[in-house]
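Residue numbering begins at 1 within each chain, and the chains themselves are lettered A, B, C and D in the order written.
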């Protein structure tokens, strides 16, 4: 192929860090600290650019549209929204599945189940993955947003509102654990208790342009990624992983420990785009369309481009 | 450019029609209502505060530095405290709006009242006008032009803050619709909002301008003297510290007496401790350095351009007719709505952030400069013409010194906006360290001590900037205090 | 020359209480970092109903003096008493017409004059009548609703005069009120001033550069010397009203004053001899 | 009375080319919604080197006339030519001293005067020397670095005069330049003006309220009548310089002019008879 080699590979990651360093959690942090991509492409003179975005979803999609990134590690809704709005992205790999979401409630409120939320004030950041996952959670219990008093607050405002006891509950991820550990919230329920309903999936998407032009590079990228995945899926590395994230994201390590307590890292970081994973995604697409988060749904199968992943996994098993 | 980022006009039009059929007007009416209340509250309180500070040098020394410092602290950091005090209902939204609107109004009213020609002031004193007449016949007409400039900015600030406000426990309003559209990557919706806000903004802005022209029909007298030393003398220099110390005492007291949840309002000593730690390990200092760089760079770029363009528009009427409406439309567009375009044009690095901050500082200086030039004394203008000064001399001997008081009012605002813009840029664009990122991160974990350490540093720097600005002002307009 | 009397000398006014008294008043300004002594040791008693004119070269501190008396500037040495009480802020006794007109640019002629009446208790009809009367008096009929920037220099000054006179203050301070007026208008104004003053028993302090005007209107003329501004001489004018300009005593007093003004100590010296010598 | 000559009458100047000519100039303002005719059919030829004085009551359009000539106001009827060319914007020929001082408040006395020199090609040393010379001339030595608000009214006016004179413009317009000056300073200024004018051959147009000043300085005196402002009479002063104020011809001309000014048509009429009748 006569296409010239790019100078750099630009990878976008939502920044989860609460401190001065960046952290994308999961495979990203391992890839970065072990400099796996950097080493992989060093020989070709290709540099790896990690781009961290706060308030990730919209910005990363915009960056895709502007041709400013080639790959992105994204939560499900952001990826779906991008695709649904006509971005030419390819679903390359799963990077984390069934990430837990929590229900945080004001201590002593007595709320134990989603059904208890009826008529209560619940903060959700609308138009984000959290809304979608909350809807999925409610859906699994036969509830609707209308049954409660949903209040639109961004994460930080929701945290503040919870601390100020201005709301009864909120739906979110591991940052709620931080509140719990400081006695500001109780977490009576997580998506695990709902059989995974309301959990969040994470994927790697690539820009169609890059993937088409540089299939070899893409393949090498996915293959390299496997190194990190393997390290991650090794349960023995759990303490090391917790330590790594705690350091990068400036999270107290207890939070992460609590968060990962009963979770198998092997399952959590399975990269396969298997049927179950795709069904989860497809369900979210439907839900998003129903909630009018996207204008119309689409078929996830048409989005998947698992050639490279299969190649990487196949080589590995050989 | 990609059609998702810059949707085709036809698509925007179509979306407008679609939205126009149902929810758009509803959102609009709610936003307008909020804006109206916010403007009402903000303008009234801003005028009162500005008039107090402008009329009373001691009040200015006592209060203004603290006011400027507090205004510089982004709303986001205030929210927990506000929520605790105000709940999450409309009161919270109103206060956040008022906090934004009060700033330009206060600054411009302050300057307007302060710069009442002393000769007229003396005439009013000698005529022993009773207070209401002094207000009605002297202060209001004299401060009106400056106030109007503040109002025009306040309108724009109001629209921008609607965005922040409508993220707070609201699922309606144009601001909500806009953020929602961006979240879901439907930038056509964002553009529809921009269109509606822009058009309405221009209409309101032109309305204000019309009012301005109708109300201010007299030629402005040359402002000459100004019998006041901004910084004060002797022990008066210490006065600015009184209010912060008082607030500090109140803070400590409310923590000690458990008036406020210690999780939300951390004790001053703890904050100091956290600040100290942060400075020691370099994380705070480094973040501060980065943010400061952005703020100053943006101020220089945006403020400089604002000054330049303001001078051009002020001096050249055809230019004003040509660009004026467009600029006032652009001004209304919430600065956050620019983010997708800015990142598209200027990349994901420091460049876009710099432009973002510049945008925030551009309009205060533009409007202030324009106002200052419009307020030049026509008598002196004639003198300059008769002396046949060339354009350079005209600029240096008439325009700039004459407009200096107004320009410095713009600078005061720009200083505040530079900080707010920096924090905004760090929030909305790829994070690359900075005090804003730091605070947002801390808030993620609800580490209010860190958040407040950030507030403290921002406030202190703000106060420092402000002092610096006043020093420069005092030097540059030395003739007024000589 | 019995009309030249030292400051403490007597006249009918001696029996009346002194309404204004300056005692060793000194005033300094800071200019260019240096000190400028604008007034030095100015002492003067003014009796109720008396009319004082102040003559002196440009920059000798006349306006400053009026500002001190009216209470606009409190930083001076010495004592100023009004009605026996040290001045304390801007009292209600003094009305002043400034050297510049100081009209409010956003108020019409009528409204500007009305401001002079704010502290009078009048019905609306009386108020309108008074305003109208003074507009006639300064010859600005037809310009009631004009704004200051639409007036000529002299017209603006006349509005300022009307504003100062309309309330008939007990003490009236006039700082070169007729400077920008033509000879005829000026004479009419002078006559009106005289009439108002005697009618209302007003004490007045008039700064002027016109020696004739001083002799025409004043009971005593204070001649000041510049740098530092101080009293050079006080001349009593004991002519009965109406005074005739071509009267001999009038002319003599006028020349005396001119001589006082020009005799010596003047800042600009290079052509100082001419004016008095020329007239026989 | 051979000195009273109709506008087109002849004098030595007739041979010289006319440098300024007004032809049927009329000017209207809008005041209070109505029209105000400030100037009606003003026609006058001014010859190179000639010195014109304009006398007229307050509000009769004198300042307006100067504004038209200098090119500050282009909306009028009729024609104004300078050097045979219709005026077109602000030309370099005219220098003007306004009725109010119009000093730049942010510039010191020195800097304000320097502005008068911006269009002169001078070395820095010459410039400084010139400025210094004029500061001496107006008697403001020691106030070089003072700002306008630190000056007294008369001092500010003198700075304005210095600014207007410093560049020796070909045509000099003076709008009551000496109004706020005391008699002595005024005379000195008049003499300086006379000296500069003859030295540099300047054509001048002087608005004044002082009849004596007009007779002292002018070759012709234009007496104007108010409402609408128009020429009432043009009086030629054919006295040789230096003119003596107590000279008989001087006095006669002065009284003639006073008579012209007060005889009739004046806006304020209720006491119009007095001044001239009083002097025998």
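To be clear about the criterion, contacts are C-beta pairs under 8 Å (C-beta built on N, C-alpha and C of every residue); 3 or more make two chains touch, one makes a residue touch a chain.
Bear in mind that the values here come from a model prediction, so they are computed numbers and not experimental data.
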{"item": "Winner on C-beta contact pairs when A-B is weighed against B-C", "value": "A-B"}
{"item": "Inter-centroid spacing, chain B versus chain A (mean Cα positions, whole Å)", "value": "37"}
{"item": "Centroid spacing, where centroids are CA-atom means, of chain A and chain C in whole angstrom", "value": "86"}
{"item": "Gap in Å, rounded to a whole number, between the CA centres of chain C and chain B", "value": "49"}
{"item": "Mean-CA-position distance for chain D and chain C (Å)", "value": "27"}
{"item": "Chain A: positions in contact with at least two other chains", "value": "none"}
{"item": "Contacts with two or more other chains, residues of chain D listed in rising order", "value": "100, 150"}
{"item": "Contacts with 2+ other chains: residues of chain B", "value": "none"}
{"item": "Every chain pair in contact, whichever chains are involved", "value": "A-B, B-C, B-D, C-D"}
{"item": "Chain C contact footprint on chain B (complex, rising order)", "value": "119-120, 122-123, 125-130, 133, 137-138, 141, 217-221"}
{"item": "Residue numbers on chain D that touch chain C, as the complex places them", "value": "29, 31-32, 55-59, 62-64, 99-100, 139, 143-146, 150-155, 158, 176, 179-188, 191, 209-211, 244-246, 258, 261-262, 266-268, 270-272, 274-275, 278-280"}
{"item": "Footprint of chain B on chain A - complex, ascending", "value": "15, 17-20, 22, 51-55, 57-59, 61-63, 65-68, 81-82, 85-87, 123, 126-128, 150-157, 159-161, 163-164, 166-167, 175, 178-179, 182, 184, 250-252, 293-295"}
{"item": "Interfacial residue positions of chain B with respect to chain D in the complex", "value": "222-225, 379-380, 382-383, 385-390, 393, 397-398, 401-402, 404, 477, 479-480, 482"}
{"item": "Chain A contact footprint on chain B (complex, rising order)", "value": "1-5, 76, 79-80, 83-84, 87-88, 167-171, 176, 179-180, 182-187, 261, 263-264, 283, 286-287, 339-340, 343-344, 347-348, 426-433, 437-438, 440-447"}
